[in-house]
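First subunit A sits with subunit B, and in the next complex the same chain sits with subunit C.
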Partner chain A sequence: MPSKLKNFELSRYSIFIILVVVFVAASFLSPNFLSGDNMFNVLRQVAVITILAYGAMTLIIGGMIDLSAGAVMAFAGVASVIVYKSSNNMLLAVLVGIAVGVACNLVNAFLVATLRTPAFIVTLGMMLMARGAVLELTQGQNVLQLGDFILIGQGNLGWMPIPVLILIVITAVIWYLMNQTRYGRSVYAVGGNEEAARAAGIAVERVKYQAFLVNGVLVGIAGVIFMSRVNAGLPNAGIGYELQAITAPIIGGTSFSGGVGTVFGTLAGALIVGVLGNIMNLVGVGSYIQQIVMGLIIVVAVAYDVFSKRGKAKTTILKSTSKGEPKPPEGKAPATSGASTLEQ
Partner chain B sequence: MSDTALSIRGISKSFPGVKALDDVSFDVRPGSVHAFCGENGAGKSTLMKIINGIYQPDTGTIRIRGEEVRIKNPIEARAHGVAMISQELNYVPEMTIAESFFLGRLPVKHGRVNWGFIRSEASRVLKEEGLNFSINRRLSTLTVSEIQTLEIARAVYHSADVLIMDEPTSAIAHKEVESLFEKIRALRAEGKSIIYISHKMDEVFELADDISVLRDGTVVSSQPARDITSAGVIAQMVGRDLDHQSYPKEAVSLGDTVFRASGLSSEHTFEDISFDIRAGEIVGLAGLIGAGRSEVVRAVFGLDPLDAGTVEVNGVAVKTTTPKQAIGHGIAMLSEDRRLVGIIPKLSIKKNATLASLNKVFRGGFARTRVEEKLVDAYFKKMNVKAPSNETRIESLSGGNQQKVLLARWLIADPKVMLLDEPTRGIDVGAKFEIYKIMTELARQGRGILMISSELPELIGMCDRIFVMSAGRLTAELTPDQFSQETILKYAMNEIEVA
Partner chain C sequence: MKNFTRRTFAFSTAAAVAFSLVGCSVTTGNPGSSDTAPREQKDEYRVAYIARAQADSFAAWLADEMQDEAANYEDLKLEVFDGQADDEIENRMIENAIANKFDAIIIQANNADAQIPYIQQAVDAGIVTITTNPRVEGVDGTNSVDANPYDQGAIVAQTALEQIPEGANVVVLNGPAGNFHSTERRNAWEKEFFEKRPDVKIVAEDTANWNKDEALTLMEDWSLANPKIDAIVSVNDNMASGALEAVKGKSGFEGILAYGVDGTPEATLLIQEGKMTATSLQDAGELAQLNMKAVHDLLTGAEEEVNVNVGNPLITKDNAQEYIDLYTEAGLIDN
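Up next, the complex of A and B:
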């Protein structure tokens, strides 16, 4: 038992250890890395992806996925920019951005939860539709000269960059939702075993709607921050962001089969990616090589995760057989504890 | 030449924690139908899987036509002339009839599949079988009975001498049964041997030349059918020694009716099911696998739709179209399928235990961690859950301990009625006894309990009344003076007697 406990702790905290290692290594590799400017720069850069990653994490824990995040983010951001340019009303513009994110995600939720279509397919369709919509809206042209709109992405509140402030607030809110509310507990249950969750009285469909709703708000906010930071409404923004958004929670220990994952794990995953990207820029690694490195990290992180869990599952099987759970010789083939290994 | 088609000597097979077969021996004569009878769990399927090469016996020998063989897999079994027509037919739905006929042994000519041969052979056999549909039809367009006929034809075509049929009539309509029987008789006349497994006594006595009875993994009798009666077979199936079993059953004074179901029906599964449960009462629901017992409780609990019928709790009609509604009305259900409809494997014991009572944990905007801790701790100790802590993931517990956590989940939710589907299946004896004690305690608290079980001694030992289902209908309501395994089995097996 003690060795098993040690294993457990290690895999639970290994992501944070890796973050520290990467951080320390980066500070040795480049003297500029630890400067306050660079730190805020890293955080400013990861803010958008991390916000998207919280949405992706929520859905993955709930047994779903969102491939439309990048496209919907562009749609929401550009819509927000257009509203701002015509109304000069910052609050209205932000609300419209969030509303677009929410609307697209409620369509996703309707198809996934009510019509029971696989989320992968639904959000793939939404990715195309949202991208088409934003390109049609702008006729493919970038919207320029945003005026004060850039404050959200580029401004500071005191010494604190506003995107970083927003990220901190959102981190706290998502942590609260996942850990302190009935909704959060239900998301874990639905993703962990949908049938069992339903049989325990959880309104599975409603939980799925709620998860997409949360994702919609996050994608909308990410869109607003993104456009504001680049000082333009770019209809082609965010291509591939949906996959980057999935990367962070997966590196941070969220299980792709659902039911497992933490907010701080996702934050650590996003920071690892951000710090690695930053240090590679600082020491002059080319962007092509950077892609290779990022790909490697994903593969290694997940392979390590599966590998360490397989070890655990084995001890589980041994334990349950030694306690004498007989395999019923008649009737349905029983799913033994081995099933949990197969899911990984 | 030997005078046995198949001869089994001293076969034993153990699985972790259970001895499935113990020194099994019997002979199957050529040109005969040999029936196997036994309760659920007696070892019939294990035995057949050994003959078909799916399992390897720990000890013992198999002889086919006098020659000792080792059957390592179903392909070798077929090479020895043994074919199994399984209970749930295995087939690839999108495959054509012609392809399926040669599945696993496509004839090859010059390195390529010989489609011409396949088509001509398949259509010849279809014609012989009197099945006039195109060989290009996909299996998914055929009825179960047609697929079964095809499987038999295929087995015979590939020169099977011993055909194992596991509950072949369980999924086909009444009139199709007669043509299946004709087919079986024709095969027998050709000198083939058929091993016929069935729960249905009338079928067994209509077809069988010999009957073997299995009980708890041993053959209790193997004899010509004319030497034994249907009552005799049933007596042998159940005849276990009851004295060493004792149940912690207590007499509880019964209160008012807490639960009443009237006229429950669901197309093709069950019809016109009515029963009631009084406060403090443990009511049994007996029946064979496939009788529709689990389906009834699933429908009552809102997991499956009901076509007709009403559910009352404490005399008030309630709607239970979702489990959430059912729970809201004080109904709880423990599923027979602990892994699929019970545990959330990756969540902790604690989170699994409070899952049906989240309104007690999350109140006032935050998780009330201490309340949750207290709720769980109380049951954790009372039920003697063996785990390092209640933060342990439930997937790492043994089956019995998982079941205790799931029971705790419902106790925390504090229901009036508990529907327990096979609450002790697949768990060890010690844990079983603890679950009986919990049930007794629940009854004493005035809850109404419905218990589905395939273990008759358990039903007899724990219940105040037992309802029996057969083929989707209620066939009996028994009071303790009528409790006996023979009586229950009689009603569980009779299909026709009920109007």
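Up next, the complex of A and C:
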């Protein structure tokens, strides 16, 4: 038992070990890396993607996916900018951004949960619709002269950059939702085995709606922060962000087959990507090489994750044999239960 | 196959006859060619404009200007198609326009090499064909309206020659790899500035794919690694403004110079505020005017071949207000 526990702990924390290694290596590569300015730099840079990544993680754990995140983020952000410019009301602007994110995601949820259309196809369609909508809204032009709207993306509260503060709050909220609520446990259960979850009395459709709702709120907030950070309403923003948003949870151990994944794993995944991008910029590595490194990291991280769990578990990270194992809705804490699915 | 060959032959013969007729300025004559001749007089000419991508803010602006300008010609009916920054879609749009027997096709190539065979098909079909922004070389019988990207970069680089201080550190932001406009603008900076100023050091250079957010992230990191950066050299305004966003209010970067190309509304505002130094205008309005004039002249037979460039005026603090007024009038800048 103790050795099993030890193995379990090691593999569970492997992503954090990788993060620490990357962090230490980076601090040796550039004297600027560990400066306070740069730490906030990295956090500001990863804030938008990490917030999107929490949404992607939620959906992937629940056995779904969102390919529309980048386009909906642009739509929400630009709508928010336009509302701010005409009303000068920050709260209203933020709420409109969130509302656009939620509305698009409720359409996704209706098609996925109620009409049982595959999420991949539905969100691919939404990606095109949202992008078309934001381009039509702006006629393809950048929206300028944002005034105080930029505070959300560029401002500080004391010494703390506001996007970083928002990221911390969101991390706490998502952690709470996934680990301490019936909703969170249900998402894991639905993603782990939908039929078993249904048999165990979970309202599967409602859980899917809730997961898309959470994703919508996150995508809306990400859009507001993004536009504020770049000081413009960019209708072509976020192209490819849906894939970057998926990268962080996947590096962080979220299983594409659903039912497995943790908030801190996702955060670590996003930080690994962010720190690598940052250190390569600091030491002057070009963007072509950066892409190669990022690709390698994704492959190596996931391969390592699978490899380190093999032997102890017959379960693979992809289509798993754990499908047959129903998870009770009122089981143990889902982060543990998620990880332990792989261990058994 | 035989049919196809015969049809192609018939088309090219008709086209050849038509061109030779016009080439000789003969407006009447062989009645047999009149039904296939591209310059047949009509009350209304149908013109297809195949835009590179409506999602690209410059391309979208150009498409709007094209439509506005076409409205000034009673005998031109312009239809705009979106190539969606995809060669396959762009080529399909050209094929469709040929099949739908438009009188003229204006093509804003996504990737010149990929579009050449289709541009050739349009020419072979006897359709008036214009390439614009960028000009596509290598197909006989086409016309072109473009800005010269080398000149656009050069005029800004020449201005910078006197402004960037001795021994300066600069950063360079490039457009997407292999993009003609990006490469030519960068070449202009190399020849007109960096070769003449060996004292200036490039401390960082990378592509930000024309994007403001990517340039912002790069500059956040570069400004930490290099506490002394005297100038931002960018091959478009979007990236220059993104880089400026990164050093806004940052101590040590107050007097940083910043150069772009395009003359976007945002750049004119930044120049007016003294935050950006200079850019050169790529005027979508003028491109559209010249395109519509060219297509009208070619269709009515007033011209046989048109290859023109728009100007690339330099915008600095001295004349920024002029352009801000223009943009305000166009509704792109708030009062």
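Everything below uses one rule, namely that the second predicted complex is superposed on the first by the 305 of 344 C-alpha atoms of A that agree within 3 Å, B and C clash if a C-alpha of one lies under 4 Å from a C-alpha of the other, contacts with A are read in each partner's own complex, and residues count from 1 in each chain.
Criterion: a residue touches a chain if its C-beta (ideal position, glycine included) is under 8 Å from a C-beta of that chain, and two chains touch if they have at least 3 such contacts.
Keep in mind that this is a model prediction, so the values were computed, not measured.
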Practice problem: Classify the contacts of A:Val260 with the two partner chains as first (subunit B alone), second (subunit C alone), both, or neither. | Solution: first
Quiz item: Is A:Asn32 in contact with subunit B, with subunit C, with both, or with neither (first, second, both, neither)?
Solution: second
Quiz item: Is A:Arg198 touching the first partner subunit B, the second partner subunit C, both, or neither of them?
Solution: first
Practice problem: Using the superposition on A, tell me which residues of subunit A are in contact with subunit B and, in the other complex, with subunit C. | Solution: none
Quiz prompt | Complex interface listing, subunit B residues touching subunit A | solution = 15-18, 20-21, 40-46, 217, 289, 301, 303, 322-324, 326-328, 333, 335, 339-347, 351, 355-356, 358-359, 361-362, 365-367, 388, 395-401, 409, 413, 425-428
Exercise. Note which residues of subunit A are touching subunit C in the complex, please.
Key: 30, 32, 35, 37-38, 41, 44-45, 85, 131, 135, 139-142, 144-145, 154, 226, 229-232, 234-237, 277-278, 281-284, 286-288
Quiz item: In their complex, what parts of subunit A are in touch with subunit B?
Solution: 1, 5, 179-182, 185-186, 188-189, 192-193, 195-203, 255, 259-260, 315-316, 319-321, 323-331, 334-335, 337, 339-340
Self-check item: Complex contact set, residues of subunit C against subunit A
Solution: 54-57, 59-61, 63-64, 177, 204, 206-207, 212-213, 216-218, 220-222, 224-225, 238, 241-242, 245, 248, 264-266, 269, 332-334
